[in-house]
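As structure tokens, here come the structures.
Shared between the two complexes below is chain A, which has chain B as its partner in the first and chain C in the second.
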Partner chain A sequence: MSLKDPLPVAKGRLCWFSPNWVLLLLSTLALGAFLGLEIVSVAPNRIVSGTGYPVFSALGWPGTLLGAGLILALIGLSCMADQRHYRGAYRAMLAIVMALLGLMPFALMVAIHRLVDSDLPQARLGIGAGFWVTLFVLLLALVELRTRLALARIWSWSLLIPIGLLWWLCLSLWLEPLALMREYHSRSEQFFTAFRQHLELVGTAVGISLMLGMGLALLMRRYPGGQKAAFAVLNFLQTIPSLALFGLLLAPLAWLAANVPLAASLGISGIGWAPALVALVAYSLLPMVRNTFIALEEVSPAVIDAAHGMGMSTRQVFLQVRLPLALPVMLEGVRITTVQAIGLTTVAALIGAGGFGTFVFQGLGQAAMDMVLLGALPILLMASVADALLGAVSDFLRPGGAK
Partner chain B sequence: MSTKSATHNARSPWQLGIPLVWLSLLGLAVTGMAQLEGVFRLFEPDVRSVIYSRVDFSLLLGRHLFVVAIAALVTITVGLAAGIAVTRNKGRDFLPLVSQLASIGQTFPPVAVLALAVPVLGFGTLPIIVALMLYGLLPIVRNTLTGLQEVDAGIKEAAQAMGMTSGQILRQVELPMAAPVILAGIRTSVTINIATAALGATVGASNLGDPIIAGIVNGNTAYVVQGALLIGLLALSVDSTFEQVQRRLKAY
Partner chain C sequence: MIELFHVTKRFGDELAVDDVSLKIAKGDFCALVGTSGCGKSTTLRMINRLLEHTEGRISLDGQAIRDFDAVQLRRRIGYVIQSTGLFPHWTVARNIGLVPRLLKWPSAKVHARVEELMDLLGLPEEEFAHKFPHQLSGGQAQRVGVARALAADPDILLMDEPFGALDPITREKLQEELRALQARLHKTIVFVTHDIDEALQLANHLVVMRAGRVVQQGTPLELLHKPADKFVESMLGGVERGLKQAGLARVADHMLPLGSTLPAESRVPGSMTLRQALSVMLRDHTERLTVVDPHERPVGELSMRKLIRESKADQGHQREH
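Let's turn to the complex of A and B:
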């Protein structure tokens, strides 16, 4: 006898109208932002704040109709998405979203052609709220479509990379009057220096904390008595605000540089990369140690037993069984640490460590928002790319994971 | 830890006293920072003033708390509502998107969010509140989702069989069972935000980050220590309070 029979059963949806509500909402939002908000703004120079233009004056009627038509098609498709040929509908929507993403830089070109006076060498086109919101909503739609179509990670990458290349091509060839590009062109060398500094700091910090973290985790496995104390110290380090930790290291390292000749000759000083690196490593240790320790502990004792039973030595068990099984979780620690370090390195610019944070804080100081964007957007991109790449690697290494 | 010993811990006065100890230390530090001049003199023997005095510490603490509290109120309301909405039958369509967003959003560094908020909202307190809201939302949404999804389907079925409406099941079964996990999310969110709020000082929001920035700019470590000390004590007070509440919840 089943208890379930008399229970009220959740009613199925009415069949005549069963849209995919998520995509319907997202595409309606995109339409609203596209038509209702300011798409671009134009300023005669860097100081003056720009005047905003809605989509009609920026793109003209043909461009507006093309964009609105494509988004309307999305709305229409999302209304019939849950019906029988839903996979086809989702595929069509995916194609439309990709097309829209690909058309966006060309929309900027049209806006530049129509709005920016070519006689003013400093005139610049700012990207407006409507453009950003539409872009954001389209990316969300892409995430949703990816889930619905159950696309593998590699597929979504192969879809995004051509779009990214197209954007890069448009940016470097034809979008010079874009405010972001004007900022970039006036300091392109600094940009690459900042990129290099940022990468170096993050890479070194993650590398050092990976080694230290492995060592600490192994020590903690050998001497379980120290576990609690070690985690207490690491937890304490994480509670110090990042801003303060950078500040607190200034004086001790300056003292070190002044009193220890070796330190000074290594380039250690109160400001610059040295305090930044120390703070980054201090922050990175907790996630690294925690994940390494948990990963090594969580390997099933039965597996270890079986390995011993097969006649493996302790060393073999560790290197050939425990370590490979723990690797995905350890990589998860590396992923968290890397993403966190990319963000923290930005703050390190305040103590003269360079990196993209220089642009952010200089821009904030000069109230030059395009410069802030020039620093903040690469940071977001770096963090997302690092997250996706390391996530893919740890998927790949998981036993029976995506190959 | 067995339930019995957890109950014991929750009731022992020593455990309850920990938040009070941190709170009173925080109060002492705020009111009596000037009395510690001798100690701070050790950090910076040469500078003229070793105690940050541009703004009163209690005012800075108040502003800091205000920003964190507003952000926490909004994030808790929105995060809980979103987590509950997407686990209901009607909102289930949004579940994949929201849970993906919660993990994607975690990769956005707060500084970058803050920097992007300034062009839209201008300088001052507003951008830091928005950045804290975005950053603090994710742990709450994630933990609400985990907590609600981990409630045993059999228990929900039993509640339904007893004639409970879905609202009653949510309030009397699902939420109480998910409460420890949700509370852990709120704790993470608020504790992280207390430290992150200091970044607001770089965009003109006056709070406990002010002495730190002033210290970095003027090369005065004593200022930095004062800001860090107060933020650390505030974080410890709030965190240990949450820990007590969590113990209480577990003891039931």
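Let's turn to the complex of A and C:
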């Protein structure tokens, strides 16, 4: 072959093995977990630890074959997903993942029907490792598919919300023998109190730290000399372990409650919501201040120069130009702070601040894993919803509207 | 009229502008030229008080700019910068209407003015009014920048290297448009640039600055004829000065009536610059060109020999002064 010959090019031939390795790995994992791990466990009551069942005894052969078939289809599609100009494979995979997510509560129903003895009123079905891993892996696959198909946020929402509604419907109507639901029904009132407390603590903490953070950031812009010191203090606050901070706050707040009548009448005491709130605000300040400060600083100097040059007053430049341009980055700070506060509030249950952490720590104390889940799952859900909502708002506020 | 009397600007100990005196008449197109860091932008930004001068006096129509409120003053002066500084969160129409809105014009008037300006700058309203700056090309964005500066019909326009970031073709087009615009609007323009060709093309008042001082000022021809020192000479292109000068003259102003000899084969329009005509001579290996009007009718001829004789006479004339 001489140098002048054209290089050989594979033209127009479809190459059947061009895998998306991420999806291939995920779907293989899902298959392994689905077939190899215990899908559910059954216990006659709350105290006794349950017996695990693999997939074919839980779902029977038809269910097993359906599930395994769908996952196998995923594996097959992910092997040829990466062909250029061909998005059909990704669309098909998205459909299969959605179908699997939608079928999962029905699988639990089948398992209840087959395994739970309806004569025992306390008998319960626990969700096993195989089920969790499959669910988790499918959600990861969903994230990857969303990126590959470049789905707009609104699309992913309109796909996820029906699935969420389906789950909620199944859980409230037909999945009563599920251990999680048994735990919920025996303390549904506490559940909503915990939810309210959790929301209140997070909301108040984020609100206070937003105002303090804005104030601090503005002060730091006005007095640049204080920047280093302020960030040093905030960084230091961030390094104190949360439990230690609660402990440190105990004494001064208790003293305050004992010596200042107003504080006591406001309900401030060494334990409870007061130290939790102080600690949450302390932790929230750093991300809030840092994002607000950077957002305000990073507005293009040319834009600010033009704004002044056009004859806008200092106030107009700030309110009409600097602030609106900084807002998306500032909201990013609110998002980080909120998600972080939702997590931290869990620990605050240890000092009697309430919230979903109560279930987590009670469940740990009683070795009742389903109760731990009853606390942990809503926290997870709250965090993801807050994350998605605030992310959407921040996207919407970007220059030029939502893109 | 803009006047600067012995104006000095210090940043700390550093002298950025050193004893500058300028008189920019109404309707003048004044270009401040110099290498970067020579204080030309600083001088410009002192006129609308984005920077306060340290010493001396700056006045508009005889009144010191310190007597005005800085914000009110800037609303009376158009301002265009290199990076356009368009507000990325506002549409094109809203960007252009900024100063009229600051001046509290009724919204119908603002709207009409925005429409008028978009038309003037060649930005079709239905296509561009609702676009955001990030959707515009560099040239379009700078047109919006100029429209925004002209919105409240200011007498004075300050332009800080407005075309510096554009590609050569777009830059040339916008220069041409700016010249046409100035011929219609007769604003007083102060234009900062480091591109001497741009300055020669556009300005009728050239100010060469170096290290914070004015080295020489005058009309482009005055400077080309008699550069004050080596620096101005090299700034004006050194040995290529002759060509730059030829670039300022039109063929129609230097042609001779059609003679009795056979007309030359190469033809050039009368609107061409002398520089371009010289290039045509070199290309076609001729020293005579036939000048034609827009309808391709011969109206005169251009002769290299006559041009040289003419410029000799011109120089002699200059020397007598």
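Just so it is clear, the second predicted complex is superposed on the first by the 381 of 403 C-alpha atoms of A that agree within 3 Å, B and C clash if a C-alpha of one lies under 4 Å from a C-alpha of the other, contacts with A are read in each partner's own complex, and residues count from 1 in each chain.
We take it that a contact is a pair of C-beta atoms (placed from the backbone, for glycine too) under 8 Å apart; a residue touches a chain by one contact, two chains touch by 3 or more.
Just so it is clear, the model here is predicted, and its values are computed rather than measured.
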Which of chain B and chain C A:E144 touches, first, second, both or neither: first
First, second, both or neither for A:A306, with chain B first and chain C second: second
Touched partner set for A:G333, first chain B, second chain C, both or neither: neither
Partner chain(s) touched by A:Q316 [first = chain B, second = chain C, both, neither]: second
Chain touching more of chain A, residue-wise (chain B, chain C): B
Partner chain(s) touched by A:G50 [first = chain B, second = chain C, both, neither]: neither
First (chain B), second (chain C), both or neither touched by A:L325: second
First (chain B), second (chain C), both or neither touched by A:G67: neither
Common ground on chain A, meaning residues reached by chain C in one complex and by chain B in the other: none
Of all residues in chain B, those that touch chain A in their complex: 43-44, 89, 93-94, 96-97, 100-101, 104, 106-112, 115-116, 118-120, 123, 157, 160-161, 191, 195-196, 198-199, 201-203, 209, 212-213, 215-216, 219, 221, 224-225, 227-228, 231-232, 235-236, 239
Residue numbers on chain C that touch chain A, as the complex places them: 48, 50, 71-76, 79, 81-89, 98-99, 102, 132, 134-135, 148, 158
In the complex with chain B, residue positions of chain A that touch it: 3-4, 7-8, 10, 20-22, 129, 140, 143-144, 147-148, 239-248, 250-251, 270, 339-340, 342-344, 346-347, 350-351, 357, 360-361, 363-364, 367, 369, 372-373, 375-376, 379-380, 383-384, 387
Interfacial residue positions of chain A with respect to chain C in the complex: 300, 302-303, 305-313, 316, 321, 324-325, 399-401
